[in-house]
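One structure is given here, and the rest of the page talks about it.
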Amino acid sequence: MSLWEYANPKKFMQVSARVLPVVIGLAGVSLTVGLIWGFFLTPDDFRQGSTVKIIFIHVPTAMMAINAWVMMLVASLIWLVRRHHVSALAARAAAPVGLTFTAIALVTGAFWGQPMWGTWWAWDPRLTAFLILALFYLGYMALWQAVDDPDTAADLTAVLCMVGSVFAVLSRYAVKFWNQGLHQDSTILKVGEADPIAPAYYVPLVVCIIGFVLLFVALVLLRTRTEIRARRLSALLARERLA
Amino acid sequence: MELVVNTLAVARGGLTVLEGVSFVLAPGAALILRGPNGVGKTTLLRTLAGLQPAVAGTVSVPPESLTYAAHADGLKAVLTVEENLQFWAAIHGVGGVTEAMAQMNLTDLRARRAANLSAGQKRRLGLARLLVTGRPVWVLDEPTVSLDVASVALFAGVVRAHLAGGGMALIATHIDLGLAEAAVLDLGPYKAKAPVAPGGFDEAFT
Amino acid sequence: MELVVNTLAVARGGLTVLEGVSFVLAPGAALILRGPNGVGKTTLLRTLAGLQPAVAGTVSVPPESLTYAAHADGLKAVLTVEENLQFWAAIHGVGGVTEAMAQMNLTDLRARRAANLSAGQKRRLGLARLLVTGRPVWVLDEPTVSLDVASVALFAGVVRAHLAGGGMALIATHIDLGLAEAAVLDLGPYKAKAPVAPGGFDEAFT
Amino acid sequence: MMPDLGKYAVAVLSSYGVTLALLAALVALTLWQGRRVKRQLEEVESRQGQSQGKHDG
Amino acid sequence: MTALLIRDLRLAFRAGGGFGLGLAFFLLVAVLVPLGVGPEGATLARIAPGILWVGALLACLLSLDRIFALDFEDGSLDLLATSPIPLEGVVAIKALAHWLVTGLPLTLAAPVLGVLLNLPGPGYLWLVASLAVGTPALSVIGAFGAALTVGIKRGGLLLSLLVLPLYVPTLIFGAEVVKRGATGAGVSVPLLLLAGITAGAVALLPFAAAAAIRVNLR
Amino acid sequence: MTALLIRDLRLAFRAGGGFGLGLAFFLLVAVLVPLGVGPEGATLARIAPGILWVGALLACLLSLDRIFALDFEDGSLDLLATSPIPLEGVVAIKALAHWLVTGLPLTLAAPVLGVLLNLPGPGYLWLVASLAVGTPALSVIGAFGAALTVGIKRGGLLLSLLVLPLYVPTLIFGAEVVKRGATGAGVSVPLLLLAGITAGAVALLPFAAAAAIRVNLR
């Protein structure tokens, strides 16, 4: 049995039905634990005061906003190469989730920026690239909406997704390219180097990140199932009409 | 140089509409496609022209030997009759604009802008385009719409001359063209039985 | 309730194309307009429908009794067959959408979006619109374009029923509709002799 | 129980508030769409009388 | 008449109908300007009222060609012209539908974009007020321009050219309201003038537009 | 290929073809912004580079839907797709024609509009240079967006939504060149980046656009 069999809608429905409850449960647990820990049980930072608590939302959602686009890119490429309908629908299903995470990261970043940088918003490279990514999410969803034929829509959005990936990459690495701007560089992945993040924040942050990853997976699975059913529904209706 | 269609299945809007269509078109032959509205004639012709992929089966034809004429004529309203034809002649790298106009009775209208033609005159111009493509296989979707009786006869003559020169023609039409020598293929029997959505969306998920 | 056309002259693109056209259409009667491509049928019908002014002559008809159907069907691609008809029915303040769909054999397609219809199905929908206008005088420009034989017969039946109910129909067409009872008017003889630009621009500058 | 958020209370609380609201909206939308489509599909399947057995999940 | 309004709104909300896209364009202008002008807060605050109004105006402008051109191309306009509804009514309804689909969402979204452009605090209320009063004029004037250019294929830019001069008074007074509001000065004079423009446009232009359509249908 | 270029240019210059309208729109933006923002010279001088670039970009944007949509509607695109010319070539030629009809005139006219916006003296040279280098990218990116939306009726606003994010880098670096040029600072870094974007877009996007058209024609 090859991996590609999971791209068969029927198989996907079966497997996802079994996996979903587990993912939902784990996501709920880790999110509850992480967020409660982060909000109630962490000390204030000596510089940032209580705003440091925003990190537990901002960082996971910002990461997932970019990762969601990467996932859509992979799914789109699978669709373009192997033409598995499920992967195209998974990409479609992920977009609203990614957009919501992007919006959350933008809003929490703005609330954090007001006390930290003295401004809600700054036109710094990472922030700018991230905002463009948000616009790409909008454009991607609008394109899916606007095209009638599902295969055509899948092809066109896949092409758009590939082009938009430039900005997903930029919003992660723009700081490295330009080395300017207000927003900080990656610190999460640099544990053990100089100036690491304090463990009191690190552990709950990791729990939150895991929680948001699982939440993303759960939502995408749920939405993909809905998309598959919707496709089947329209196929049945069309057959009914033609009969 | 033959057009061979083998158990072709074509889809529109994600549903297979025709399946198992097979025929061979030899040089000098014409085939008339018939079938009720909505059976899939337009879909079949677009597939043959390479504008959309086939669901199953094969179409074998030498590359760049087909030309397609549909309801939309590809005419530019602000260009004159002659300029429109010259453009398509240049794209295909062949000449013959003057003869094409003469054959489709457009010479008097040569300096008229396409916007100022009547429905039938526009159609004649659209058909004259076929003559400046230099392509042997004509794929025509209801070519005589809006043409009066005299123009239909004129067009039948043009097709006959094309066939005599070794050309081929595949024509979907509801009315009689007066091309008695052409074979007729009724598409009714090829209607897809249970249209199936691609990607396995049709089988029940149990 | 009569349509009386008296020595009408009509112009297109600033040139008079037809002149001296006169006829009377009584309730229950149909008139078929014939004439070669470009003689001015479309121009005449648009003038009668009140969409463009006449050059000379008069058209007398009770207000709001005409409805016009041309090549463009006025269909919205994203609305379904039923929604399209409901809109026109609401505009004209009459009902009968269901019967109109039944009469034009559209009931099966009622929930299909107009974008997903074939050429002939679209045409049938465009003609079904006539039935929900409640207007007695139908002015039709090549109504059977793209229709298959069965649909042409269906449409002839619909026209006949309309006439039987006291309606009138004026139909420009190149093909035979099977409406044997209808009078035929050949527009060839009414072709304007020396096309003259209206407004006296032709004489003035001698 | 409530931690003292100091002068940044507004920023922190609104961050958490907006986040929870957006996530709740997304989850609600997802579940609602899922239910609706599932119901419609079941309706059509039973109408066509060809659903072989019960649906999974 | 309500049938026409409902149809137009339905068309706008269906796939590809353009609802929300005006909004998106507005957002994009609000994003692009700081990118082009540079991020200094003070400069942005100074130009925010003007840019927001210019952005709303352009967003309106871009959707104008949908008002009549689609109906013209598919023949609906011919049929509406011969229908029992007076053409003036058709124009008014279509302008209303355009406003509901474009002007109203722009008005509601404007405060959010004010943040991006660093609009000073007291300006927000007046931004919404001026847009609410001014955008109906934009839709009606736009419908008139669309009626003038309805016969021209993809006449979008010509339409812009015709309509923009007519938009200038609305723009000037609208931006003035926001500017004064942002600095706390009295806004009643420009606001009244703005309301006057809207009232005049709504009262007169549907007739001019209907006449233009009749000519274009010939 | 040249036949296609000649035809496209001819169509643009004939009545209703849209030549000059992009220019007119550019002019209108340059006129409207001082009206909205107010006439203080210093503010205008500060925002002039950004506004000029935003104006050029919007003028470009508005004419994008003409690139393929007209040919799609009248069936020419079907016929071009089955013609001996590769579709990539068609896209490239059409982008070139668009640039000749829009980008080039904008570049040449920009200095005049700089005067309206009070652009400081040394900026003029760099304004022209940056537009000359950057507008080809706008045309090619725009052709890609137009190819994506070609099947959608009046997809103008969707097109804007898809294309504008892609225009952002060009805008940032283009405006940066003018800003630095106007203050006498070194411009080579943003100018090189701008040239890089143009080169990349010209090299890659015609293929993506041709693929999108093929999909849309099905």
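Letters are used for the chains, namely A, B, C, D, E and F, taken in the order the chains are written, and counting of residues starts over at 1 for each.
Following the convention adopted for this analysis, a contact is a pair of C-beta atoms (placed from the backbone, for glycine too) under 8 Å apart; a residue touches a chain by one contact, two chains touch by 3 or more.
Just so you know, these numbers come straight off a predicted model, no measurement behind them.
Path length between chain E and chain F in the touching-chain graph (shortest route): 1. The busiest chain interface, judged by C-beta pairs in contact, is E-F. Taking the mean Cα position of each chain as its centre, D sits at the greatest distance from chain B.
Centre to centre, using the average C-alpha position, chain A and chain D are separated by 16 Å. In whole angstrom, the spacing between the mean C-alpha positions of chain A and chain E is 35. Between chain A and chain F, the centres computed from C-alpha atoms are 32 Å apart.
In chain D, 45, 56 are the positions where the chain touches two or more neighbouring chains simultaneously. Counting partner chains per residue, chain F shows two or more touched chains at residues 16, 152-153, 155, 158, 161, 164-165, 168, 172, 218. For chain B, the set of residues that touch two or more other chains comprises 13, 71, 205-206. Contact residues of chain F toward chain A in the complex are 144, 148-149, 151-152, 155, 158, 161-162, 164-166, 168, 172, 208, 211-212, 215-216, 218.
The touching residues of chain C, counted against chain E in their complex, run 49-53, 64, 66-68, 70-79, 83, 86-88, 90-93, 129, 133. By the touch rule above, chain B contacts chain A in their complex via residues 13-15, 17, 194-195, 197-203, 205-206. Contacts from chain F toward chain B in the complex involve residues 2-4, 7, 10-11, 14-17, 71, 73-76, 78-85, 217-218.
On the side of chain A, the complex with chain B involves touching residues 8-10, 13-14, 84-86, 148-151, 228, 231-232, 234-236, 238-239, 242-243.
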